[in-house]
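Right, I'll just put the structure down here and ask away after.
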């Protein structure tokens, strides 16, 4: 292993830069040269590849986004595109490739692995929807960003005796919504894993008012419906369910990584390099029960990661 | 002056609690009793009035929202409602009333003043759209909240080479949008005071791309149009103007007050009590060039407060 | 189980209020009355005990510190004091007691348990030095506070080409120092578990300068020595090791809990109530591999919790 | 004016980078080339001068510290050093020089101006101790950092019924201490402008306890004495004045600039370029009553800037 490449792919997540830094530094520690690939698989196909050195990653550990930028690549979806990508790997003499991204990016990594390119994935997405790892890079930061917003909205909700719907990200998974509901002390979480039970939600809001609460917060995962749709459905149930909507949107994707994310990004980036050195390819760097383990890439998407039912029960128990 | 009342009215703003604390503490310092009125003019009419003591406001200086809550009152719009309000002032033996809110609230304060109730207004609104004071309570905090969001979005915009439209609050004024554009290093600010010049915006975006920037941020004041409308208009101009929209919404209204807001809230609350003691009624506590001055209430809305043209020019000059 | 008591003891930690809220709400959910005990064991002895209801804990989930306050109790160290405490439990008809605090507080809880009072401990300390639980309440928040400080200091260190020593909390354990060094990208961590190897530290600083870095950050755990002592020792080694010291101090103990801490505090508080209901006494609510488990109280202090050696190695690998 | 230089000098302050960006961008807007000078006057003497272009300052607006770094220069204190500096200005064909820093840096700027080098100063120091400008760049950010720390410490002070001494920066001026005391709701501010009146402080603490407050916060400006000295003096007065000390230290100097600081840094940087273009030399870019004005450089240090006595009175009035 003399030379490896690193790219970021899919949606950006806080901590991607910390992972890039760890890859570059750990590679240098083991006397391996590192090449940075711009704009994900698209840049790989285009040969946007340049050396990335120890000093180039100084102080990026705290920066949001990704200095290598990221993109979605239509061309990489085709066999031709993937062969061009492989060709670039060979042309640049890459003995290994590290792909930082979510499950979509890992499909791509697996394709390259199948073509013979030693590839390791590092899970980075705010959605936490990657099987085989307890946490993905960026999830904890997004949770804190969402929680900060919930706390601000609570000020206004309380001051105006209002019902708020707060739409958070998470694609088809409820990880962000569920933990934000628990940590934010919300009355209700609407999650893709369970769908919307409008009558149950209304009963809960009735009970909350009856118990003396003058305001309520509903956390809605974007994967169920939009905040405006839920607002409409609630209003059809009666004027007492009139709600104000806030869509947190892309602010959840940015910002400096939290301590937790900067730490696992550092661990995962370094572990990915060690996997390549040890000849453990076609895997993702998984965090399981506090330990780094290699996870066969197809396992990361073939099984759906489950919500913790304990948390769901907590939202109900603690919002009385 | 033996007994005064204090209420918050209109939209909540960070620092309202710091102003309430200052009113209560300064009154106590001068041996004046203070009554808290719940939910603005609506609560005044309903007689939701209770003593509020020195220890009741301990540690609220840092809390967002308003512990007295706020509401809009239809009834207070009518002469009957206002007479009921006046009646409550008399019944509760209030020698003076302090109204914390924006220009809408000051119309109400002026009506009570005209009926003979000594009234002083304290300007608190994130929009800064009150004439006669350089700054309103809450504006600085909202600016920092908006700026924090812009910085997070910049991470993603840069990582994905994207154009972002960020819709900020401000009602019919561009104060939040303009300063956020300057402080956030945005390419363009769309302001109610000037309207949208779509061709100019597109030229600016072209120039920005031409100069090597891979992403752009547009700050849009809600008073012009919604972010989604602007997104549509831009897309009609060409696919190169495809933009992602983020509506910051109510998160701009919450949170702990900044140092600046906690300070002016403390100054204004105390000054309002001193105005009542000195017999200076029918005024707002204005901050002009660093000094507290009484401003005749009708002056606060009869003249429109102007944007600083220097800032507007700065956005153009510095985003090249 | 009709009536339980809850107290906080030892140093305060962010998330203690979230745990109190969870205890009160979960108890109410199961129709159990909850009594709040002020100022820890001292207040228990003094009978400072009052009902704490569902609405009393509204919106405290986000507040730092503890609304029940905390104190160290000399009297509780004596058998007489503990019997007075037990007497108060009986007088107030407490069927169970929940103690939120660190390992010192758990010694006290175990004494009461041995006297026949059903007691459950909830681990809350920023130091994370409690065996049997992967994380204690407050640790994650303290990590983020320390990291925020490190990032600020890095700005100045970089601008002035300086060496900084940053002293963090943690008593006799290096958990805060080690993770802060990893997440903050520091050059070196000085930890109680390993002691100070001054020559090794100086070699590392030499190597860092040689590699082109113009500044360095050393994270020092308070349990080893004070920042000023280390500063002196370094200066004795040569003028090139002149360092600036910052002692983070008590700011690490305050602030709103992070999403992680608010979540585990909610889980642990609710689990503690369920332990009492289920007749599982004399235990701490431990978080192990993502699951709540009861941990025999003496196990929490009889075995020392170990640092993750992988993290220690990372500091060296990634700071080249 | 074809070519200008820019340097940062003295202690770093949040917003220095925003000012550098504004200088570079505004110069480019007026077709003026800009040279960056590393490490202040020391780098000027050493000829560490390089072109700094529009894209080099992309996204630095939000970064703390200074990308040009800063240093204190012994050599520049001598006539020989200053002539070498002037020689470098000529060698690099600089038609003007912009110095971003505090009053010490302006002494140097004035020396260069007297030697015939057109020079403009931009006030940047967290201490706000520069006459002729209402605010210096960095002051508002430092206030918010200090306030955030005070709020964290309040959590612990309240939970443990303690007296806290919080030592803040400000050199020989009390600007940071005074506004932090007002905004933080502290009981007392000890300021260099008034010195310590120990008996008065103790009376205040007695009154505060008597009124039912269980904790107190004292804000101490570093210019009076160290927090540990004050702690000792208080303890000599009696055990009831036992205090815990926190020295905020260098964290006050770092971090992203607040909205206010990013805005005035942008205004001042652009105004400095315009001063040079207009032939207004030997001045500081002052902010007075919301407007930019040129201030004769010696005026910035010959007269001492005064505290606002209204704020001092507020601390007393509002902490009852």
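Which chain is which? They are A, B, C and D, in the order written, and residues in each are numbered from 1.
We adopt the following convention: a contact is a pair of C-beta atoms (placed from the backbone, for glycine too) under 8 Å apart; a residue touches a chain by one contact, two chains touch by 3 or more.
Just so it is clear, the model here is predicted, and its values are computed rather than measured.
Minimum number of contact steps separating subunit B from subunit C: 2. Shared contact partners of subunit A and subunit D, listed by label: B, C.
When the CA atoms of subunit C are superposed on subunit D, the rotation angle comes to 180 degrees (nearest 5). Taking the CA centroid of subunit C as reference, the farthest chain centroid is that of B.
Chain centres here are Cα averages; for subunit A and subunit B they lie 35 Å apart. For the pair subunit A and subunit C, the distance between C-alpha centroids works out to 28 Å. Residue positions 151, 154, 158 of subunit A are each in touch with at least two other chains. Chains touching one another, given as pairs, are A-B, A-C, B-D, C-D. Against subunit D, the residues of subunit C that register as touching in their complex are 8, 12, 14, 16, 39, 63-66, 69-71, 145, 149, 151-156, 158-161, 164, 214, 244-251, 253-255.
Residue ranges of subunit C in contact with subunit A, taken from their complex: 21-22, 25-26, 28-29, 54-55, 58-59, 61-62, 134, 140, 143-144, 146-147, 151, 154, 158, 179-180, 182-185, 211-213, 256-260, 262-263, 266-267, 270, 289-290, 292, 308, 310-311, 314, 317-320.
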